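For reference, chains read A, B, C and D in written order, and residue numbers begin at 1 within each chain.
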Amino acid sequence: MDFTSDNSVGASAPILQALVAANAGAAPAYGADPWTIAAERALDDVFERQTAAFMVATGTAANALAIALCAPPWGAALCHAGAHVQNDECGAPEFYSGAKLIPIEGEAGKISPRALAETLASLPKAVKQVQPAVLSLSQATECGTIYTCAEIAALAEIAHGAGLAVHMDGARFSNALVELGCTPADMSWRAGVDVLSFGATKNGALACEAVVVFDAGWLEEADDLAYRRKRAGHTLSKGRFFGAQMTAFLENGHWLDLARRANAQASALEAGLREAPGARLVWPRQANEVFVILPAAVDAALRAAGARYHGWTARALAPQDRPRADEVFVRLVASFATQTAEVDRFVDIARKTASIP
Amino acid sequence: MDFTSDNSVGASAPILQALVAANAGAAPAYGADPWTIAAERALDDVFERQTAAFMVATGTAANALAIALCAPPWGAALCHAGAHVQNDECGAPEFYSGAKLIPIEGEAGKISPRALAETLASLPKAVKQVQPAVLSLSQATECGTIYTCAEIAALAEIAHGAGLAVHMDGARFSNALVELGCTPADMSWRAGVDVLSFGATKNGALACEAVVVFDAGWLEEADDLAYRRKRAGHTLSKGRFFGAQMTAFLENGHWLDLARRANAQASALEAGLREAPGARLVWPRQANEVFVILPAAVDAALRAAGARYHGWTARALAPQDRPRADEVFVRLVASFATQTAEVDRFVDIARKTASIP
Amino acid sequence: MDFTSDNSVGASAPILQALVAANAGAAPAYGADPWTIAAERALDDVFERQTAAFMVATGTAANALAIALCAPPWGAALCHAGAHVQNDECGAPEFYSGAKLIPIEGEAGKISPRALAETLASLPKAVKQVQPAVLSLSQATECGTIYTCAEIAALAEIAHGAGLAVHMDGARFSNALVELGCTPADMSWRAGVDVLSFGATKNGALACEAVVVFDAGWLEEADDLAYRRKRAGHTLSKGRFFGAQMTAFLENGHWLDLARRANAQASALEAGLREAPGARLVWPRQANEVFVILPAAVDAALRAAGARYHGWTARALAPQDRPRADEVFVRLVASFATQTAEVDRFVDIARKTASIP
Amino acid sequence: MDFTSDNSVGASAPILQALVAANAGAAPAYGADPWTIAAERALDDVFERQTAAFMVATGTAANALAIALCAPPWGAALCHAGAHVQNDECGAPEFYSGAKLIPIEGEAGKISPRALAETLASLPKAVKQVQPAVLSLSQATECGTIYTCAEIAALAEIAHGAGLAVHMDGARFSNALVELGCTPADMSWRAGVDVLSFGATKNGALACEAVVVFDAGWLEEADDLAYRRKRAGHTLSKGRFFGAQMTAFLENGHWLDLARRANAQASALEAGLREAPGARLVWPRQANEVFVILPAAVDAALRAAGARYHGWTARALAPQDRPRADEVFVRLVASFATQTAEVDRFVDIARKTASIP
């Protein structure tokens, strides 16, 4: 019963096999290998257009490179107050770009058009201030919720109207996509996303993310990313490692299958906990994460039974929604490798413990 | 006949198997996994002392982190004029550290004690100047030569005497080590090296290097590297990828076997080319690289036969040693995967073509 | 009637005369001149202890250098959400230090001990996060309010207890000091301040601020600031320009006289506006700034009469306190050069206009 | 007899008077004052075209901003090995821009077209390397020599042909200009200079330099410099300080008069020393600096008589030209304030001492 994160397991079997298969023989270094080239083409296919893609080993590197492409050193990147770029990357976006992050509050991890407009209004063109340069959206959000394509488009329209680029942190792009049931293009560039951090690691790869640049006007400037990536130490000499993973990830919709599995297990968890007396679901489960407030006794019983998961901060919650002294706020993450038996046992313990008077 | 680089092949079979074996099951993320912990212990064993080790995916990242640990933003890192950190990392050491690189000229890729002393004398303590903070030595050098332990110690003594730390870029540490026949401790901290970029990728790993901090006084400060690494996007969520590689690399002397293989093939290449009329060996082969000036006809014949290798810049050569118009300066790199048949065929073509009048 | 800012006038007469007097003759460059040395001694006298002082031309440079001394690139500087370092320096502190600013909300521009403690609690020691390194307090605040020495000490105790240094942005240090009536030492290092941006420009100099380092343990490390200042282009070749200003500023309590004048005029403004029907004073006047909500008609009448001042953002106000549609929120700043006649006329217009039915 | 530097004296009388005159009254802050606006117009007049100008307090800041405008973080700035930006600014250009400086050797402080072309050829378009982005020329050079307009044009043509911008470090622009007798436009943008660090401090101001952007295509992008300057803490609140200096500097050719005075005194020094037995002039005096090797006895006699000047490094000299054990290599700088009597006395001592057997 490991629900700590979707990065607590290794690679999916097809991706591991692809790595093994790609290991043999000599190939050009630094991304000129056939696997990398195939991966770049596969990304073009998946997104139904020409893209410029730069693979890196971590989501932090992908986000930091993407923001550095969009924002000058005196620029500002607007993001949700709970965003990964703001709280969980030890300042990497600022390090790569020099820009400042401006957090925006919002319900359930999402930025509202109104909050975006207000933030922009608070940052007029004045030399004393950093200048808004990019809006960074997380899809899925850190609360496990997702933006609809229309919501993304509405935010992108405001951002573009104010001269900002739009970046999407898609560490869990796959999980959001299968939930919406739209195309990758719909959820990205057709909705106004200019640059995407396209995550594969959390959804079945070992260590592979891609910065994917869409905007036609940017494709040339995107070459800058090749230098930025090298300068950040993220250009692998044995580039096949990235190429093989990404190719296998995208092949035959493998990535969508993996995401559907993860989401389905999270959905089952949510459904099961809904029936557990005393458990309070915090945000709607829309991807592969369930945020729930559990009675302390349930938490203790689960951990005693070997369940693993992280406690979560209640700072984002309204005071009245926060856990009481006898409650614990936790995050449960399902991955492609989560087993139905794990979920069933977890739910079973939660229900039984909760119902003990 | 691929002699382009020691990064043109994948991982060695034991390292690949270790990756596959480590793929199964759940484990803590971000380096708290058992493979990473085992790798850190193995490094302590190999270096016969407590170390602080930080694994990353590229040598560029390792060098940049190591230099950032040693040099403040107004500091200078002294290195050979032909060093990888100076010419081949797109400014990564400067990006990570803020420091300035001061190149030192020297024969065959090596810094002499005299040149080091002169450079230090040219940088007195004055606010207008960057202040020397670290000496970065490459072992093996970019010319395929190596420093003896006594040479390292002599340079380290000068550096330490002037208040500098000593960094070693050990992308080809293994290749140098097996040639000298000394212990890893002798070639590093016992000779005065404070921080080592310990390379595994070129010698059999897929993507794994480690910054290894030796200095006892620095072990606490080295924790800073954990933040610097995260901030640079080099902290893998699925840390097992690094841990499994490094463990297998070090296990049972596998890394030394790999390096011996590579060096032996390079030695055979050198010996064979010594007999090829018209071929002029440039620097002594001391690790796994051979630098040679070939008659243009020989170069053409080799390439026609499918041999692959890089032409090399003659800038480091004295004018009288540079290739003539009918000659080509090339670098030949042997890896752990180089086959005797490749070497034999290469030498055979070189000799036969050269002897045609 | 110019109440735009305390930087809208030139230098005080004694400071200007000192500049003229210091202009003659040759002197060593880059801060080795006698005026700079005298200024450094004067700062030691004023603060009753040994200090390390580094003069620069702007408060932004002083704050950025001070924060860079206190925070590593992966560090965080905690400051009020309305602080100058956060909103009005175009990212200079981040540029100089690499650190991230973490804003803290608080009434009337002040950070409360509770809010500081909560912010610290939200940033546990974890590699994914920037690490709190310095608390930056503004004295006087951007709301024109001031911390008592006891309040500073209470915040510093929390900060020090968590391993943070304490920086004070003292662009209006003088104005706060004369209001409290304590000694410079009491309001700085005796209350726990480790590094001070000591402002002279707003209070009578032409362009002169000093980073003043107090902490005995830091005096050596403070030498780093000499390199950081040079590297930022803030080391004047004709250092007498700074030295002469600072010496004249501190001589015979001139700086305190200047601040008393400014505060007295602001106090008169506040008292006068208190009697103006419809005018709503927003924060208590504690230094040389008055924040007031005026009826739109009053604002129009004042501007028609030639009064100059800046409108102010109401974002920091609770919704119920914000200006209504027929009101304007403005900031009035008095300087050492503000004339009683200006204040009287301003108040007179405000009262008369407000009382017209 | 102070020949230490042209920054060892204060401001010229007209510039000081302008400062005093500009001190009175209220004016908009941060560069919107009438003196700054007048200075910007005066620069347009002097350079016979529209420019975008950004005044700062030091030459280091001007150079660093200019290079940051021209070079991306992965770019390279090519400069002479002896350039101020390379050796005397504690890494400021790298700090502001992120770019790497690539030094080029050359006789008497000057870069030759051949050396420039060779350096460019050594930096092909490859991701592993920083990419040449700007050529930085010093006029006058650190050796006191100057480029002719034709020489500047020849270098600029090569630079532009390779896609580089051209920056001129004109800390001693005035001194070079009056020697060549051409127009400011001829020696800058008409010869291909895109961005100029226009120095006033060494030639009569107290602390004032300007980054002057010429290129029409860059005028919009130059607005970025307003943000970069603020972010570096170089935007003065009391902008009149810069505006008054620059206006007085340029008014009625005052700057040219000042430079002519300095050059004339340096010329007299050179002429006098030419007749001093044992004195060896090193580089031709072309601006306001004389570099000379003196017999040690002469040096001792001069210093005993109170003469002040800096010893200089002989590293740039060919071995056969370096000072012998009984000689001293020194730099003598004349300023606008240098008196004929100082020069005469200096020469007199040098001649008399040298002629003593």
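Heads up, the rule we're going with is that contacts are C-beta pairs under 8 Å (C-beta built on N, C-alpha and C of every residue); 3 or more make two chains touch, one makes a residue touch a chain.
Being a predicted model, the structure only gives us computed values, none of them experimental.
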Which of B-C and B-D has more C-beta contact pairs: B-D
Distance-maximising chain from subunit A - centres being C-alpha averages: D
Interchain centroid distance [CA atoms averaged], subunit B/subunit C, Å: 51
Centre-to-centre distance between subunit D and subunit B (centres being mean Cα positions), rounded to whole Å: 41
Of all residues in subunit A, the ones touching two or more other chains: 73-74, 89-91, 95, 127-128, 130, 227, 230-231, 235
Residue numbers on subunit A that touch subunit D, as the complex places them: 30, 72-74, 127-128, 130-131, 224, 226-228, 230-231, 235
Subunit B - residues contacting subunit D, complex: 73-74, 87-91, 94-95, 98-101, 122, 127-130, 313, 315
Complex contact set, residues of subunit B against subunit A: 2, 4-5, 7-11, 16, 19-20, 22-29, 56-62, 64, 89-92, 95-96, 201-202, 206-207, 227, 230-238, 240-241, 308, 337
